[in-house]
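Both complexes shown next keep chain A, but they swap its partner, so chain B is in the first and chain C is in the second.
Up next, the complex of A and B:
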């Protein structure tokens, strides 16, 4: 059953969307800080972006899947604010899978955050990291580039030589497919 | 506080057999009437008990011996070998010759043990899509879970199939693997160019070393064995021709066929170079390992779990190799006593059904226990009587008489008192569920927990608490023991006086040994066959059956005060 709210909707957060952003009609963008989304990025239905505590910046060619939550869920300490904490910054070609919670300060280019993984508040992921399903990155943790987090918190460095541009190209193709599948409504989120 | 789930474990009688005695001249005791064991209380805490107690679901039942059978008193027979990954049925002859691993294309990741998939290197460069599925080009093994790739150990494959054969021909780093034998053959060919051939200290890989050692010692044994030629297996068994000629030699006093042995005797020597499988260890190897570990660091070393999976001893991530899946088996089980089959799966791998499966659940009553009143805590209060409902469910098509016996106090240091209010009762047959529904329209109202707590119905001694179609529940009253070991001397039980050490692991769990005796009558005719059956039919006799066994009921944990 579809539940329609009769309440006046919460104030929209200020957003900066690219013209090529694919953003589903029933994605949820809330909060007070700026949400910036790059070009060719696809946001699935029921994806949550919450900028109530800090701004969110998402790069190009990213895919954010449904029920994933991005943005700080709790207030950032003042010290962090003074240092000019830019909130959550997600690089290019990042895939955030279903149900993942991302509170990272920084997610490097080409990272994959798998189903129901959690990235703790203020963590930093280097480039091309992969967080396997249900894995957890502790708050404030710094994960070096090319790290694979798998199993029960095991880590390894992927030395098979990932080609970043190839990966981003692949995600670009996927975003193209999603453009045809997802009913995009960027106007709804623009203020 | 950890929660506690009440449990019932059944004792398989196979452990009793080793200790029971039989007086001379007595008939072979039928396995169901073990009167001598009745007076001994089974102690669930005895070290041996751990090996004889099983959940009902793990037990089988032999219809011919009329006895419970556990995994220790059945014989396993392998029906099929198969690969769990590709479900290919491997004939047992090839298991013998090629080992117990899949020799097709099933490989496991050496890092995380997930199944590896084959992908084209070229595929990754052009991205997703069906149009490139026909891609040729070098292939790699990929782990989709931890992202390990055979590229990391420098292995690329030419074909996407027959991985096993391809992998066995390539070393980590991509160099072709040539066994020492092949190398020697090649060396021999161009022996004119290199007169030395392989040196005596040539380093061998583990496979060639084993090969060399085996062939060397086999030839040594063949040479030194009496009368020679019998090789390895000639051995010293009395039946062997070698032994026979030795005995003949003793009698004739001559060296009957023994000249060879005498000349060769004492010539058995040990390996002395690499062609015979000798590998010298040097401090250089250790030095190499140390410099390598300094270079690659902790990240570059393999964990013990990873090392264990490897066929050869391996220390570094670079040396890890993908390993093929271990084969699994489907087994049938036979009764050790009468050799009848108790369980037989379908031999087809894809078919998960069983042709025969005599599980104990269908033959012996299941026993469950529940607290009568919902206790506020999950722990049992010492010295405060509690009542539990013991439910016995009959799976048989005949009604059974059940006799439940428990010791008045539980064995062990902390003796709790146990009273079964109604130790003798009859349970109806496990007939069709609908039969009952049609026959009696809710004649007997079920007692509810609420009624019980209101005190409308008190548990009475000698009365059944509740009865259903094929089950009966009775009330058990328990006074949990105090777990204190201190206090005045005269208060202590004998066991605590002997041993007043601290509480051991799980000693606070209240376990009740219960001796269950089930009696029922069954048509003798349909079980027997041939002439005997005819005889029985004439008399129209019902055969009396009896089954008796110990089981242990875990009730709960006693609170420590």
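Up next, the complex of A and C:
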């Protein structure tokens, strides 16, 4: 078994969960830094959040799908620590699909990170970006708002589509549906 | 000492399904296996993502077995083969402001390669999906289709019968000739999988 995030006797990380967070019983939260999850955010079963190297902050109305891994997988450099590196910060209305790996410093509001995409360590995604399946954002890269990364690393800007409150509302409805479907057990993760 | 009893990797059911003990099936009551299907280790099947709105046909003409119909999230036919690490997940979308998942239907003799993620609406029979493929939400794949390794099938794409698709995003890159359909039969593959 190659599991880096679930050590046999790993202590539970300090968590701040909202009362309206939907978090599946067999999601995995591990590490030593704080994990903060906002309201109306849904976390599917088998999602991994690893705060062993830096804290994780997830906004409101986000959806994290199974097998996705969020959090720095390796230690952050000292220079970053001195600058008070806040770890992974995910905005509001962000959807992370199956198997995506997110090590970004910042993911802007309304971003969609699709199946098996990888966001490199310390990268910054602007608002309403979309990273298509299997696409890769390099470490430390800064992606401007409204960028669509598709195909074999091609990029374009797309300002169409729903955004703002309408988009948040749509994701909120999805979270409401998931609240009924997913066996939620926030108590297990509360510290 | 009794920690490791003499158990094989697969659980074999009466209908001939061979399900790995290491797979992650969520919401088992909402999954139908047609029989003689192989599910390998680390496969995720999301049976818990049920439809949350009644289908339009049944709301006009409600039938007594309505509840049973709506309680299926993933339907799988006979002689299907799900390789290690693939994920099956019913697609979801918002229509008229209401979000719902919709059933994922898989017919007979469907092969899914390792690490592939399937969020399709319908997979026809004799479909061969390679390794590391992503099938987008509400895609419809008809019978006798070969999807090459690493292909990304966009959401809502409809792939006609006897086509070969590949690329990112996937396009039709070829056709399956009449004589080539023999390789799609998965009966021998099913026989070769077992506890020994």
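Everything that follows uses one rule, which is that the second predicted complex is superposed on the first by the 180 of 191 C-alpha atoms of A that agree within 3 Å, B and C clash if a C-alpha of one lies under 4 Å from a C-alpha of the other, contacts with A are read in each partner's own complex, and residues count from 1 in each chain.
Here, a contact is a pair of C-beta atoms (placed from the backbone, for glycine too) under 8 Å apart; a residue touches a chain by one contact, two chains touch by 3 or more.
These numbers were taken from a predicted model, which means no experiment stands behind them.
*Asks:* Have a look at where A:66 lands relative to chain B and chain C in the superposition and call it first, second, both or neither.
*Replies:* second
*Asks:* Classify the contacts of A:173 with the two partner chains as first (chain B alone), second (chain C alone), both, or neither.
*Replies:* Both partners, chain B and chain C.
*Asks:* One more residue to check, A:160. First (chain B), second (chain C), both or neither?
*Replies:* A:160 contacts chain B only, not chain C.
*Asks:* Which of the two partners, first being chain B and second being chain C, lies in contact with A:142: first, second, both, or neither?
*Replies:* Neither chain B nor chain C is touched by A:142.
*Asks:* For A:132, decide between first (touching chain B), second (touching chain C), both and neither.
*Replies:* Both partners, chain B and chain C.
*Asks:* Is A:75 touching the first partner chain B, the second partner chain C, both, or neither of them?
*Replies:* After superposing on A, A:75 lies clear of both chain B and chain C.
*Asks:* Could you tell me if A:151 is touching chain B, chain C, both of them or neither one (first, second, both, neither)?
*Replies:* both
*Asks:* With both structures superposed, pick whichever of chain B and chain C touches the larger number of chain A residues.
*Replies:* C
*Asks:* Under the contact definition given at the top, report the residues of chain A touching chain B in one complex and chain C in the other.
*Replies:* 132, 150-151, 170, 173-174
*Asks:* Name, in rising order, each residue of chain A that touches chain C in their complex.
*Replies:* 45-46, 66-67, 98-99, 114-116, 132-134, 150-152, 170, 173-174, 176-177, 180-183
*Asks:* Under the stated contact criterion, what part of chain C meets chain A in this complex?
*Replies:* Answer in residue numbers: 24, 26, 44, 46, 48-50, 52, 87, 89, 92, 94, 97-101, 117, 119, 132, 134, 136, 150, 152, 168-169.
*Asks:* Mind listing the chain A positions that touch chain B in their complex?
*Replies:* 130, 132, 148, 150-151, 154, 156-161, 163, 166, 169-170, 173-174
*Asks:* Inside the complex, what are the residues of chain B that reach chain A?
*Replies:* Those in contact with chain A are residues 111-112, 124-125, 127-129, 140, 145-149, 151-152, 299.
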